[in-house]
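Going by the order they are written in, the chains are A, B, C, D, E and F; count residues from 1 in each one.
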Amino acid sequence: MTGLIELGNLAAVILFILGLKRLSSPATARQGNLFAAAGMGLAIVLALAIPLPDGGDNNYLWILAALALGSVIGIVSSKRVAMTAMPQMVSIFNGLGGACAVAISVVELMKYQTMESVPMGEHVTTLFAMFVGAVAFTGSILAYLKLDGKVNDNKLKIPAPTVVNMTLLAAILAGIAFRTLMPGEPIYWAFVVMGISLIYGVTFVVPIGGADMPVVISLLNALSGVAGALAGVVYDSQVMLVGGILVGASGTILTVLMCEAMNRSLWNVIVGGFGGSTTGAAASGDQTITEISTSDAAILMGYSESVVIVPGYGMAVSKAQNEAHELEKILESRGVRVRYAIHPVAGRMPGHMNVLLAEADVSYDKLLDLEDANNALASTDVAVVIGANDVVNPAAKEDKGSPIYGMPILDILQARQTIVMKRSMRSGYAGIENPLFYHQKNRMLFGDAKDTLSKLVAEVKNLG
Amino acid sequence: MTGLIELGNLAAVILFILGLKRLSSPATARQGNLFAAAGMGLAIVLALAIPLPDGGDNNYLWILAALALGSVIGIVSSKRVAMTAMPQMVSIFNGLGGACAVAISVVELMKYQTMESVPMGEHVTTLFAMFVGAVAFTGSILAYLKLDGKVNDNKLKIPAPTVVNMTLLAAILAGIAFRTLMPGEPIYWAFVVMGISLIYGVTFVVPIGGADMPVVISLLNALSGVAGALAGVVYDSQVMLVGGILVGASGTILTVLMCEAMNRSLWNVIVGGFGGSTTGAAASGDQTITEISTSDAAILMGYSESVVIVPGYGMAVSKAQNEAHELEKILESRGVRVRYAIHPVAGRMPGHMNVLLAEADVSYDKLLDLEDANNALASTDVAVVIGANDVVNPAAKEDKGSPIYGMPILDILQARQTIVMKRSMRSGYAGIENPLFYHQKNRMLFGDAKDTLSKLVAEVKNLG
Amino acid sequence: MDFLAEFLQANMTMIYVLILAIYLGLELISKVPTVLHTPLMSGSNAISGVVVIGAIILVRSVESNDYLALSLGFVGCTLGMINVVGGHAVTNRMLEMFKKRK
Amino acid sequence: MDFLAEFLQANMTMIYVLILAIYLGLELISKVPTVLHTPLMSGSNAISGVVVIGAIILVRSVESNDYLALSLGFVGCTLGMINVVGGHAVTNRMLEMFKKRK
Amino acid sequence: MIFGILTEQQDSRVAMVPATAKKMIAAGHEVWVEPGAGALAFYSDQDYQAAGVKLVNAKGILAGAEAIVSHNPLSESLMAQLAPGRILISMFSPRSNPAVKEQFASSNLLAFSMDMIPRSSLAQSMDVLSSMASLAGYRAVLLAATHLPGYFPMLMTAAGTIPPAKVLVLGAGVAGLQAIATSRRMGARVEAFDVRAAVKEEVESLGAKFIEVAGATEDKGAGGYAVQQSEEYQQRQRELIHDHASKCDVIITTANIPGRKAPLLIEQRTVEAMRAGSVVIDLASATGGNCALTQDGHTIRHGGVTIIGDSNLTMGMPRDASLLYANNVWSFVDFTFKKGKDQIDFSHEIVASTFLGQVPQPA
Amino acid sequence: MIFGILTEQQDSRVAMVPATAKKMIAAGHEVWVEPGAGALAFYSDQDYQAAGVKLVNAKGILAGAEAIVSHNPLSESLMAQLAPGRILISMFSPRSNPAVKEQFASSNLLAFSMDMIPRSSLAQSMDVLSSMASLAGYRAVLLAATHLPGYFPMLMTAAGTIPPAKVLVLGAGVAGLQAIATSRRMGARVEAFDVRAAVKEEVESLGAKFIEVAGATEDKGAGGYAVQQSEEYQQRQRELIHDHASKCDVIITTANIPGRKAPLLIEQRTVEAMRAGSVVIDLASATGGNCALTQDGHTIRHGGVTIIGDSNLTMGMPRDASLLYANNVWSFVDFTFKKGKDQIDFSHEIVASTFLGQVPQPA
C-alpha cells in the first residue's frame, strides 16, 4: 500500500518536473501548468490516503472543509482579478503559502514541547521552516501593497536598511540556535523568533523600489519553496521535499534571469536604492514611456492575427529592409497577416521606402498607401514602426499648434497595440516631439533597427 | 573522513553532469570532456582512499599496476588511431568497459558461493550487471569488426534473428531468476548465464547493417552505463550508480537522436534488415556519394578559415540569393573569409548570378571571376556549391570523351573540402553526369537550396 | 565537524536527491523567454503550495480534541489550498494568450 | 507484489535519485547538434568506465592470497581503466577541431 | 470655383489630369480644359469628359475661369485678356527672375507660384519641386544609361567580365537621391557629394558612398537649402571631385543654390580626364550648369565625353509629370481656397511664400 | 597568324578591341587594325597601338592579313580583292540568307560564320548570339523606359501613388531573360511568355510571372531552339497574349525561330487595345517582327502606342558590344586555329556548324 502511494508521490514529482519544463516555453506553457496542477492534485489525494505511522484520528472533516474553502477562495479571487493586477495576486498567494508554513511549524513546535526529547535535526528544520515561511509571508504582502500602489516607496522608509536587516537576520539565527540547543526553555522563545522573522520580511522588502517588486516576489516565491522543502524534511515527504527544492532552485534562477532582463544584478536590486527608474516605465519630462523587450514584442506579434509594418527613414539609415522582410516572412509562416503601411513622405525622397522594399523583394501587393493603410489599421492587432517618426506623429491630427498640423499621417493608434523601434527619443526630420511615444498603447523598442529586427526574428522563431 | 569522501564523490558526480552538459554544445565540448575526466579522476582517487567497511587488505600494488597498465594502453591506442577509425576505437573501449563489469560480477558471484545467505537483491543485481556487461562486451567487439569492414554484413548472417534473440533473452532471464531463487545450486549456472549473454551480444548485433553501427555502439554504450549503475548498487557507490545512470539515460536518448538524424526509428534499426543504403554512404551505380547533415556542414564552415560560395542555376531557381548572403554575413561575423566564385556561364543567361547577387546586395568586391576564383580555391577550406552543376564538372578537365571537354570550369576540388547543395542526383543543363559528386572530398547536401541555406544559417548561429 | 561528517554519511542519498533536484530546477528553466517570467513565477508559486501536504498530514495526525492545533492546521490547509488552487488558476489565465490559433 | 512494496518503501530515496538522474541525463543532451553525436557518445562511454571503481574496491577488499579473484580484479581494473583513459583521450582528439580560432 | 487649363506652349505636359480633376469636381469645383490640351501627355479629351471636365476653348477659359492653372506662366498677351482678380497658379520661378514680382505687384491678378512652396513636411503634398526633381533624377539615369556605350550593371559572362559602371552624383537633393537610387537599382557603383553634411546619412541609406569635403559652411536658416561656400573650400572640393570624376563613367549633377548661379563643380580639365565614352548629365544647366562645358538644352561631345545639359527632363515623362503636378496643385488649392477665394489666409507660410503681388484689401 | 580588322560600314562597332588584341598577340598572332576603326566604339588608335596592334590601312589589310574579322560581311567589292585561301570571320547569317552558302561554296575563301556557333555549354565562350542578345535585351528595356511617358518603378509620393509599370516579355531566350532581369531591377512588374516550357523555371528564377499556354509542340532535336507551332495553338496563344498585352505598359518581343519568319504574336487589335503611352519594342523586326505593325529600323506611333522595330540595338552600346564580340572571336580562333590554319578539324561540331563553303582537300 504505502509502497504504491510512494510511487504515486514519485509520479506527482515527475509531473512537477515536466510541468516546470513545459512552463518555460510559450508553445507548451499552458499544458505545463496543467501538468503541475495534476501533480499537486495527486499529491494531495495521496496525502489524504497515506496510512499514518502512529494512527492519528485523521479529522477528515476539518481537512476537507479547509480544502474546499481554500479552493473556492482561490478560484473566485483568481477569476475576479484584472489582467493587470495578476502579479499582485501572485504575491498574495505566495504570502499565504508562507503563512501556511508558519502555521504548521508552530503546531510542530508546540508538539515538541510535549515530547521529552526533541530530535535536534527535526527541531532546527522546523524552526527554519517557520522563519522562511514568515519572511515569505510578510514580505509578499508588503510587495503586494507596493505593487498595488497602496504603499508608496517614498512614504515608507527605514534608516540604514542594510544594517537593520543584518541585525534582524543575526537575531533570528541566534534565536534558532538558542532554541534548538536548549529546547527546555519556554516555548515563547520560538514565537519571539517568529515575530522577528515576520518583521524581517517587512524590513527586507521596504527598501526595494516598487518597480522591482516582480523580482522580489519571485525571490520570496523561491523562499516559500524552500520552506516547503524544509517542511518536507520534517514530515519526511519526498513530494514536499523535491517539489519545494524544485521551486526553490528554479525560483532563484528565475529571479536572476529577471534581473538580467532589466540588466541589473540581483544584489543591487536587493540593496535597492535606485530601483524603479531604470526599469519598466521611464520618465521624460512629466510623461512616461514604456519599453518592451524583444521577446515580449515577438510574442505580441507572433500570437496576433494581423501586423502592419510602418517603415520610415530609420529603416533606410540602418538598411534594415531585408530584416523587415525576414520578419514579415516568419510572421506569415505563423499565419499572421502582415502588410506594410507606406507614408507618402516616409524617408528622404519620394518613393524612398519603395526603392528599399523592392530591393528586399517585398511584394508590391503588401504595400498599403496612406488611405488603405489608415483603413487597414483599424482592424490591426500590432502596428510596428521601424524608424519612422514624423509620419506617425498624432500631433498632426490633434495639436493645432504643431508645425505639421494638418499633414495627413498614418494613424497607427487605431491598432490594438503599437511598437516603435528607434535608437533614442530624438526627434525626426521635422524636429518635433511625438506624443505617440508616450501613449499608453505604445511600447518603445530601442536600438538600431537592423539589430532589433534580427533579434526579433530570432525570438519569433523561438516561439515554435 | 568517509563523510568528506562522500562529498568528494558528490563533487565527482556533479563534474559528470556538467561534463555531459558541456559536451552537448560545440563551444564548450572540449571543456566538457575535461570536466568529466576530472570527475573520473577524483572518483578513482577517492575509491582508493575510502576506508573499507570490513578492513580488507587493499592490494594497492595490484591496483596501481592495473591502472597504470590500463592508462598506458588507453593513451597509446587513442594517440595511434586514425581520425577516421575513431568510432571503431570507441566501440572497442566500450566493449572493454563491459568486460570489466563481467569480471567483477564473476568475482562477486564466486564470493556469494562462500557466504551462507546471499541477499537476494544484491544477487539479482550482480547477475544483471554481468548479463548487461557481457552483451556490451561481445556486442561492441562485433560492432567494431563490422565498422572496420573486418566482418561483412552479407557474410555473417543468422536465420530468423528476431526469434533467436528473443529465445536467448528468455533463456538469460530464466537463468537469472533460477540462479537467484536457488543460490544453493552449483556456481556454473551463473557461468551458463554469462555464456548465453556473451552469445546474445553477438546475435543482437549480427542482423544490424554495418552503416548502423554507430547507433548500435551508442546503444551498447548506454548498456554498459547501466552495467556500471548496477555494479554501483552492489558496492553501494553513489558515483557508480549516478554516473552509470547518467550514461544510460543520455546514451539512450543519444541513440534515439542518432536514429532521427538519419530519419529512422530505433526499432527498425535494431530489427535491422534495410540498414545501410538510407544512411551515411549511398550507392548510385557502382560509385557512392556521401551525404552531410546541415549541422555538420555548419560546423565545417563555421570553424574554417575561408569559404568560397559557388552559385549556379539552382540558386536562381530556389531564389536563395538572400539566404546565401545571410550565410556569408554570419560566417564573416565568425571571422571566416567568404567570397563568391562566379562562373561565366552559371545560370541561364549572361550575368544571371550577378543580377541575383546584386539583388541580395552582395558586395561586388566579394565576387571572383573564373580566373581569380581558381586561384583563390587552392587556399580555400570549404567550397560550397549552391545549385551549380555543369560549371563545376571536373569532366570538362579530365574526361576527353565528355561533351563539355575543354570548357573552363571552377576547379573546386582544389579546396580542402567541397559541399554540393542540390535537390537530387539529376544532371544540369548539359545533361551529363558529374564526377564531382562522387569524389571522396565531396559531401552532398540534398534539398531545396533556399531551405537548406536557412537551416544552415540557423545551425551556424547555434555554434555560438 | 565530526557531527557533520556523521550527518553527511547518514543522509547521503538524501543529499543526492537535493543536489540533483536543484540542478534540475536550474536546468529546466534556464532558457525561459522574458514573456514567460511572470507566468512561470506564478506557476512555480502554485507548486510551492505543496506545504499544504504538510498541513494535511498535520491535521490528520493531531488528536481531534486538540482544538488549537486543529484550528491552526485548518488555517494552514486553507491558506495552502488558496495558494495552490488560486496559483494554478491565475497562471492559467495569464497563459490564455498562448492558445494556439489554428 | 508485497515484496515489491516493501522494497519500494525501503529504497524510495534511492529511487528518487534514479529518476532524477535519468531525467537529468535526458534533459542534459536533448539539444545536442548532430556533429557532436560521436564525440558525445565517446565521452559518455568514457564515463561509463566508472565500473573501474567497482573493480578497484573489489581488489582492495579480497584477500591478498585469493589469486583468482585478484587476477580477475586486475583484469577488470585494467580494462576499465583503458575504457576511461582511452575514452577521454579519444574524445579529446575528436574535439580538436572545436578549438576556438582567435 | 472654376479652374481653367490651357494647352501649354512648347511643353508636352498638362497642368491637370482627369483623375485629379475628378477629385476637384467631387469637391464642388468646376474644371475647364482646352480640347487637346492633354494630347501630348497621353490624356485624351474623352478621358477628361469621362471625369466630368468641361471642354472649353481657350477664349472661353480666359473669359470664364476664375483660376487658371499651368506649368509655364501664361504669355503676356494671354494674361492681358484676364479680368482683374483672376487667379493664376503656375511656376513663375521668381527666384531666377525677380521681375515677375514687380509685374504682379503692379497688376491686379492673384498669382501663386508653385515653385515657392516651402520645403516643410506639412507642405510636401504641394511640393512641386520635389515631384519634378524626383522625375528628373530618375530620367537623368535613363539618359545616362542610353548614352553610355556599355552596360550599367556588372556582368560576368563567357565573353568576359564587364565591371559595373561608376556613377558620380553631385548634389544629393531630391533629384540627386532619386538618381542615386535609380543608378544603384540598375547595378552601378554610386558615389555622391553634397555640401550639406546632413545628406551623408541619406546618401548612405541608399547604398551609395558619400564623398566628404571637410569644412562646408551650412546655414540652418536656409531651410534645408544650400548656401554659398568659401573660396578655398570650393578649391578643395574641386580637387576631390576632379579625382573621383576622372575615374567614373557617368556624372549626374543636380547642385543648385536657389536664386543664384549653379555652383561650378566640373571643370574642363576634369571632363578631359574622363574615359572616352563617359557621360555627364547636368540638371542644373538652366541656372548655368554645374559643368563648365554644359550648354543648356543641348547634347554636346567634348573629346570622347558626352555632355547633356537639360533642366526639363520631366517633359520626357509628360504623363506622370502632369499627374504629379496636378495633384500638387490640387493639394495647394484645397488648402488655400478651402474657405473660398475671398477667404484666403495670406498670413499662412504656405500662402505667403507662394503668393506674388500685393494682398487685396478687404473692401 | 595575321588578323586584319577593317572599319565597319554603317556600324558603330569594331570587330577587335585592344584588350583582346593584346591576348591574341601574346598568343603569337599578329593583329592589324585600320586607323580609326574603333573610333565610334570609343577605342582610339593609341589604345590599339599600346596593345601592340599594327595600324594598317584597308588596302594593306586586304592584301596582307590571313584572316579578316568583322561584324558585318565584307562588301562584294572588298571580298573580290582577297587572295584565295583567305579566312573570313564574320556574321554571315546563312539562316536568313542561305545564298551566302552557295556563294562561298563556289569561292575559294574560308568563311566562318560566328552566328552559327552551336548553343552548347562548351561553345558558350564563342557564342556571339548570346553576347549580342543579352546586350539587346538590356538595351531594349532602357529604350522602353525612355519612351514610356512615366515611371517604371512603383512610387508612393506626397503627390500620389504611381503604380509599377507592367512589362510583358515575349520570347524568353537570352535577350528575353536579360530584358526580364533588367525590367525587374528597374522596379517593373514583369510577365513573360515563351513556347519552350523549359523557360518557365528560368523566367520565374528572375522573379517574373510566366504565362502558360497549354499544348506547345517542342522539338528536343532543335537544340534548345523553338519550332513552328500548330495553328490552333497559335490561336489560343494569341488570345492569351492579347489579354495580357492590352493590360500592360511595355511589351518587349524577342521571339525568333531560326531560319524562318519571326512568329506574329502582337496583332493590330492588341496594339489598339493598349493604353495610350505604351511602348512596344520588337527585337525580332529583322526577321519580320513579332508585332503586326513593326517597321524594321523605324520608330512609329500607332494611336497612343510607340512601336520600335530594331534588331541592332547592340550598336547603341558599341564599346561593350565590340569587346564581347572580340572575345567570342578570340575564343573561336583559339579553338579552331590552335594547330595553325592548315590543321583545322573541320569535323568538330563547332567548326562544322560555322564553316561555310567546301572543305579544302589536303594536297
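FYI, contacts are C-beta pairs under 8 Å (C-beta built on N, C-alpha and C of every residue); 3 or more make two chains touch, one makes a residue touch a chain.
Here the structure is a predicted model, which is why all the values come from computation and not from measurement.
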Chain E and chain C - chains in contact with each: A, B
Contact-richer chain pair [A-D vs A-E]: A-E
Interface sides of chain E and chain F: same vs different residues, half threshold: same
Identity of the chain that, by mean CA position, is farthest from chain E: D
Copies chain A and chain B - rotation angle from C-alpha fit, nearest 5 degrees: 180
Most distant chain from chain A by Cα centroid: F
For chain B paired with chain E, centre-to-centre distance based on mean C-alpha positions, whole Å: 69
Interchain centroid distance [CA atoms averaged], chain C/chain D, Å: 33
Whole-Å gap between the CA centroids of chain B and chain C: 41
Distance between the centres, which are taken as Cα means, of chain C and chain A, whole angstrom: 18
Per-residue overlap in chain E, given as positions that touch at least 2 other chains: 124-125, 130-131, 134, 153, 155, 157-160, 162, 185, 187, 207
For chain B, residues contacting two or more additional chains: 17, 21, 238, 242, 344-345, 350-351, 355, 358-359, 361
Per-residue overlap in chain C, given as positions that touch at least 2 other chains: 7, 13, 16-17, 20-21, 23-24, 27-28
Which chain pairs touch, all of them: A-B, A-C, A-D, A-E, A-F, B-C, B-D, B-E, B-F, C-D, E-F
Contact set on chain F toward chain A in their complex: 153-162, 164, 187, 189, 207
Contact footprint of chain D on chain C as seen in their complex: 13-14, 16-17, 20-21, 23-24, 27-28
Contacting residues of chain A [partner chain E, same complex]: 313, 316-317, 319, 344-345, 347-352, 355, 358-359, 390, 396, 403-408, 429-430
Touching residues on chain E, where the partner in the complex is chain A: 120-122, 124-125, 130-131, 134, 174, 177-178, 181, 185, 201-202, 204-207, 335
Chain F partner contacts - residues on chain A that touch it in the complex: 342-345, 350-351, 353-355, 358, 361, 364, 367, 369-370
